[in-house]
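Next up, some structures in structure tokens.
Two complexes are shown next, each including subunit A; its partner changes from subunit B in the first to subunit C in the second.
On to the complex of A and B.
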């Protein structure tokens, strides 16, 4: 499994997709100047921009690397060589997942440092009213990373049943988008106003989807970081538990399905 | 205990629109340790399917198989096996050396031994100068050589090779033959699929012929060649020193020798004239 992780990491670093996406990190250079255009709340804006940029990069990485890594192995027939080693399918999947997860962690550490520099530069140019609480920024980063690691698990699960990269890549994007709005839609169809207009069947479907797809709202601590508001520790703990449980279920599903998969 | 034991192995592929392909129809085959068995069959006979089932890549529809007594459904069964896939492909973002290290670690080889064996194998297969180049840049034959290197790396007892000679130049083919003969000498079991009857004749102890998912013949190469003997070409030297070649059928050979002695003609050479493996193979498959 460690072996598989190592190979995964090596593969990612030598991947063109990774190199292309990381080129986006150059945008950090422009954050201080972009933020300073606003003249007010320069620090807050630079924190917002930095965190958004990191989120965006992590999203791209998790969708494309998570969605294509298994597909590529099967498509290019690397699996014949690899799965015929005395390596169980479960350690293959876990190795892939942990390799990608570790990679996302590394990327967010590196980008986090870049963000700190950018925010520091911005706030030294235009001192903020409220000082940046770095621990909140770090916390926001950690939870963003967890969110995208969970998304990698979604992508892997979809890859185990799919023969193309279409389902994993677009399925993961859809999951991400849907999870962003599922809370609001759920609340709407259960609201008093909607009870009259929405059919019961639709309400049930929405409820089912709401419980099925991951709820990623709790992972978003951007507001806390930007306005230096302490996050609720109980919420943090719950979100962490949610992450562990949901990821474990996704991985168990992936292993179950991949064990049944035939290498044709 | 058999090195490989295949019992009633069947595999049906389900295609689109309810179409199914019966690629294997109840295969029974046992391979002894220390034996080199050639798995011969025309295109689409089911050779690769059999091998993929053995390696746990495909799930058999029916039947079972064991490798050294261990059921093929467990990853442990593959620990004593070196497998060369058909038209292999390896992580092309690695170089040959890195790939071998990856394989060696998967087999749990100790680091020093692994480094030493990696060097030996790369040199044996003439990849040593190219070891730092990414596999992406390799030619077909070079990839095949990487495949052979990763098979031999951990010195397993059983070798399952799907068309080991494919894509290799004559030098490479000769090398593979030499390697297999060397493995035989060291008491290893080699099970390899091929279309090339000549290779089977030269290096195998036994041959199994498969066609349309069914095993047609399993016999020793020696037997087959013996049975295929149609007669003998006898070179006789007459009293006046004239040399003559005579064709003698098998049943007449004894009396011919006796007669020759009586007529004071000396026999210089007796060569069996026989159908070769290819003729045998063509005949069986056409049947």
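On to the complex of A and C.
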């Protein structure tokens, strides 16, 4: 499994994905000047832009790496070779997942350092009324990384049942979009305002879907990092547990489906 | 190769007119249509703060263009699409209720330009629920209540809050001053001077500077009027009286392009109502 993880990581580097990200990271150089356009919150805007950029890059990585990794292996008939070795299918899937997760962690660390430099420059030019709490910024980065690692697990699950990359890529994008509004929809159908307009059956369907798709809103700690608002420790612990449980289910599902998949 | 050359030639031919077309688009079109906040909230997923900031920038760019259109010394005819700006700023704080730029800018346009004092205060109250450390919001609300709404009790409450949050004794003293309706012009001058000093954005500073200039003129007229009344034992019949009798030199100039006049009770007013594009008397 560890070998598979190493191979995955090597493969990502060989495909020059990291260099591509570094090219995108050039945008961090422009963050201090872009943030200086703000009227009253230059530092806050620099944190917003930095975290948004990191979030966007991680999203692209999780969707495209997670969604195409298995498909490419099968397409290149690489899987057949690997699985003829003394390596179980579950180790193969877990190795792929851990390799991609490790790559996301690595990218987060590198981009996180770049973000800290950009925010530091912006805040030295226009000191904030409320100083940046770096631990909150770090927490926001950690939870953003966890969120996209979970999304990689979604992409892998979809890859195990798909014969092309369309389902994993677009399915992951749809899951991501749905995860952003599931909380809103759930709260609406259970609100007093919806009692008259929403049928009980629809409410039950929405509730079922709410529990089925990942709820990624809890991983978003941007507000806490941007405005130095202390996050709720219980919420953080619950979100971390949610991540572990949900990812475990996704991986177990992926392994189950991949074990049953016929390789021709 | 031929295709590339043809493409480059076509691009060179079209890019000039295309840029000019985009630049000359009506400003209202540039402010544009923004989908409902509910839709934006859903679509922006985990980028709500960025979406909120982008709405504020849209307004700021529009406002900057508007202010930049008036060459120095000339009068701007149009206060701009105030409703559109207000809509975007309200959208911005629903996406990111902590966005200070939105509250700061809304305070400027909703009060002085749009005269929507209750709307401005409701927005500030909304912001205070989130930015509970920020003294600026109660400071704005205090000013709006005292100066525009003449609700001195509420003004004192907000100034008290601003004093507590900032630790500045000045706001505490303002709280007591706002308990009575006196020295309104001086208080507006104090407020506007502070806003000019803290404004970072050129268009915003220019707008506050202009208003400050107008209030400095009002203050000059009030002082001349009071001296006239003291020395001559009665109010001047008109502003021209003050100028003619030498109490007011040079004659006051309204930077908004209006004409100052004295109301029957002696209060100083202007035909511009301290706003661009107001109907002339």
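Going forward, the second predicted complex is superposed on the first by the 256 of 264 C-alpha atoms of A that agree within 3 Å, B and C clash if a C-alpha of one lies under 4 Å from a C-alpha of the other, contacts with A are read in each partner's own complex, and residues count from 1 in each chain.
Convention: a contact is a pair of C-beta atoms (placed from the backbone, for glycine too) under 8 Å apart; a residue touches a chain by one contact, two chains touch by 3 or more.
It should be emphasised that the depicted structure is a prediction, and the values quoted were computed from it without experimental measurement.
Engineer: Looking at the superposed three-chain arrangement on subunit A, would you call subunit B and subunit C a clash or a fit?
Structural biologist: Fit: subunit B and subunit C sit side by side once superposed on subunit A.
Engineer: After superposing on the shared chain, does subunit C or subunit B touch more subunit A residues?
Structural biologist: Comparing subunit B with subunit C, the partner touching more subunit A residues is C.
Engineer: Which partner chains sit in contact with A:87 here, subunit B, subunit C, both or neither? Use first/second/both/neither.
Structural biologist: First partner only.
Engineer: Could you give the angle made at the Cα centre of subunit A by the lines to the Cα centres of subunit B and subunit C, to the nearest 10°?
Structural biologist: If I round to tens, I get 150 degrees.
Engineer: For A:227, is the partner it touches subunit B (first), subunit C (second), both, or none of the two (neither)?
Structural biologist: Once the two structures are laid over each other on A, A:227 reaches subunit C alone.
Engineer: Between subunit B (first) and subunit C (second), which does A:38 come into contact with in this model arrangement: first, second, both, or neither?
Structural biologist: After superposition on chain A, A:38 lies in contact with subunit C alone.
Engineer: For the overlay built on chain A, what is the smallest gap between any CA atom of subunit B and any CA atom of subunit C, in Å?
Structural biologist: Minimum C-alpha separation, subunit B to subunit C, in the superposed model is 28 Å.
Engineer: If we count contacts the way the header does, which residues on subunit B are in touch with subunit A in the complex?
Structural biologist: Residues of subunit B touching subunit A: 13, 52, 55-59, 75-76, 78-79, 81, 83, 85, 87-94, 98, 102-103, 105-107, 147, 150.
Engineer: Hey, which residues of subunit A end up touching subunit C in the complex?
Structural biologist: Residue list for subunit A touching subunit C: 37-42, 44-45, 48-49, 52, 55-56, 126, 129-130, 144, 147, 176-177, 179-181, 184, 216-217, 219-220, 222-223, 226-227, 229.
Engineer: For subunit A, which residues are in contact with subunit B within the complex?
Structural biologist: The touching residues are 3, 6-7, 10-11, 14-15, 76-81, 83-88, 260, 262-264.
Engineer: Could you pull out which subunit C residues touch subunit A in their complex?
Structural biologist: 41-47, 49-50, 53, 57, 60, 96, 98-101, 104-105, 131, 133-134, 136, 199-201, 204
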